[in-house]
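A quick write-up on the structure given underneath.
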Amino acid sequence: MAATPLENYIREQQMSLQWLPFLRALAAELSEQTDAETLRSLFASVGQRCALEAREAFEDVSTLGALTSSLNDFLAHIHWGVVEITEVPGGVAIDHHAAPLAEAFGDDALHWSIGFLEGFYQSLFGQLGAAPSMRVHALDEDCEAMLLRFQFGR
Amino acid sequence: MAATPLENYIREQQMSLQWLPFLRALAAELSEQTDAETLRSLFASVGQRCALEAREAFEDVSTLGALTSSLNDFLAHIHWGVVEITEVPGGVAIDHHAAPLAEAFGDDALHWSIGFLEGFYQSLFGQLGAAPSMRVHALDEDCEAMLLRFQFGR
Amino acid sequence: MAATPLENYIREQQMSLQWLPFLRALAAELSEQTDAETLRSLFASVGQRCALEAREAFEDVSTLGALTSSLNDFLAHIHWGVVEITEVPGGVAIDHHAAPLAEAFGDDALHWSIGFLEGFYQSLFGQLGAAPSMRVHALDEDCEAMLLRFQFGR
Amino acid sequence: MAATPLENYIREQQMSLQWLPFLRALAAELSEQTDAETLRSLFASVGQRCALEAREAFEDVSTLGALTSSLNDFLAHIHWGVVEITEVPGGVAIDHHAAPLAEAFGDDALHWSIGFLEGFYQSLFGQLGAAPSMRVHALDEDCEAMLLRFQFGR
């Protein structure tokens, strides 16, 4: 389904112009040098570091509602969209709207750049006490530029 | 020499908050996985791609003054500072003020992140007809966060 | 109907933080000193001046499609949303999405701050050759923060 | 003294593009309708309202150092520059660097738009317990676009 002018506007405005040329060129260079699986893993490591750096923002959180609220404050501050977190059978569903990921690295890179948010959420839930056996993974088939969907569970 | 409150303010405001956590974490991850020389070279390749993508902005340029002017329009548009380009014996001196490079990747990474602008300027002068034997290199000793100095020549 | 978290996020992110305190305070001060009709007229004059300043962007426009396209380039550049312009019986319908007007001056001030866009569009269509008897007016009942609707006609 | 390219860059980048056309047009319209003294007083009232809205940020402040620190956090958050506050004989000197005021309303309007910061500081010092007989006034002769100087005292 084609995006409306409003959807395109929001997607473009959301992305910092300062880093668009750099990140697009970085994606092109990395794609040429390395396979997608390695890049997804690299980006997951970067995402884990980001969550670790930001951990103070989440340390008093004890419910999913409080987590969602703290996370949305954090994301709004850095212009990274808005998230809905809900309990589902066997785990937690994470719907992340308006992340600048697809716009930054290109739609074609989304299948590996999404590793960044997988690593971020993995580290975040780990800090909150989740067992290491619980994994975050993107629902690749259900992801599109402005709505990235993840599931956290066994 | 310690930076003044105003200099710190300008440095921080200049950097897009959206990508600060990502780029700092990327720098930390890359530094752990790879040596500085390889990273400087990777960033040079990324810079070359950026210059290639932006080449239309410079194709009508035939003097250093016109190059400076086109370049500053381009840089202002993406919030990447302001540049002075002057002829010096044996080449060209490039003083790039207020680039967000040191703030984005950290002061400790500047000795390799600066490869990005080396690659960018190398590609730019190549497009304008410079011989491949002419190289751009950062004057590492004279670089500080808010003033990056390069020389282009043999 | 309550706005979703995503709609609130977009509305808030759209608005420049730099001028939010100033513009909110200006709206409060003006509302105390002056009646709504006078303010709507003041804002219309300000909008006309903006259109006049920007006239170069529209001088080669000869169709509604070309106008829409030039206007959206202009609006995207200054982060003022996106517009759809369509012919309707007796005139032209203008749907302006994601303008920062309601967020800047407050929802309560929208019935007079909207004069800004009325004046802007009035001047714009006048520059393009419309007869002075043709007026732009907001469809107040159909306006909400993120979709402002106008009609241009007799 | 002419501004350097770097100074011009900082001045322009500092100002939100979103409100530049509106605020310039507002200044032109107000200047035509009203005299400078009235406008300076209107802007002082707007500044007072801003300080009142922001008062929570300053309520635990009990020294000039703590005030400077809280104020700079507040200003950095909304991209309004950086301030130095020092005791001088008979009062307090306030040097406000990199405010977007001259860029927003134009250099020609600075002699009345500066009322905004006079009102802001007046209200701020009042909240902190200063006697009403103590007034903030801009040192008009010493003000230039990127350094606005005020004195607070009898």
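Descriptive notes on the structure:
Labels for the chains are A, B, C and D, by order of writing; each one numbers its residues from 1.
Just so it is clear, a contact is a pair of C-beta atoms (placed from the backbone, for glycine too) under 8 Å apart; a residue touches a chain by one contact, two chains touch by 3 or more.
No experiment lies behind these values; they were computed from the predicted model shown.
Taking the mean Cα position of each chain as its centre, A sits at the greatest distance from subunit D.
Each chain gets a centre from the mean of its Cα atoms; for subunit A and subunit B, those two points are 29 Å apart. Distance from the subunit A centre to the subunit C centre is 34 Å, each centre being the mean of its Cα atoms. Between subunit A and subunit D the centroid-to-centroid distance comes to 39 Å (mean Cα coordinates, whole Å). Shown for subunit C are the residues in touch with two or more other chains, namely 79.
A ring topology is adopted by the chain contact network, closed into one cycle in which each chain touches exactly two others. In summary, the structure contains touching chain pairs A-B, A-C, B-D, C-D. Chain contact summary for the complex, subunit D toward subunit B: residues 5-6, 8-10, 12-14, 72, 76, 79, 81-82, 84, 97-98.
The part of subunit C that touches subunit D in the complex is made up of residues 15-26, 28-29, 33, 42, 45-47, 49-50, 53-54, 77-80, 100, 104, 116.
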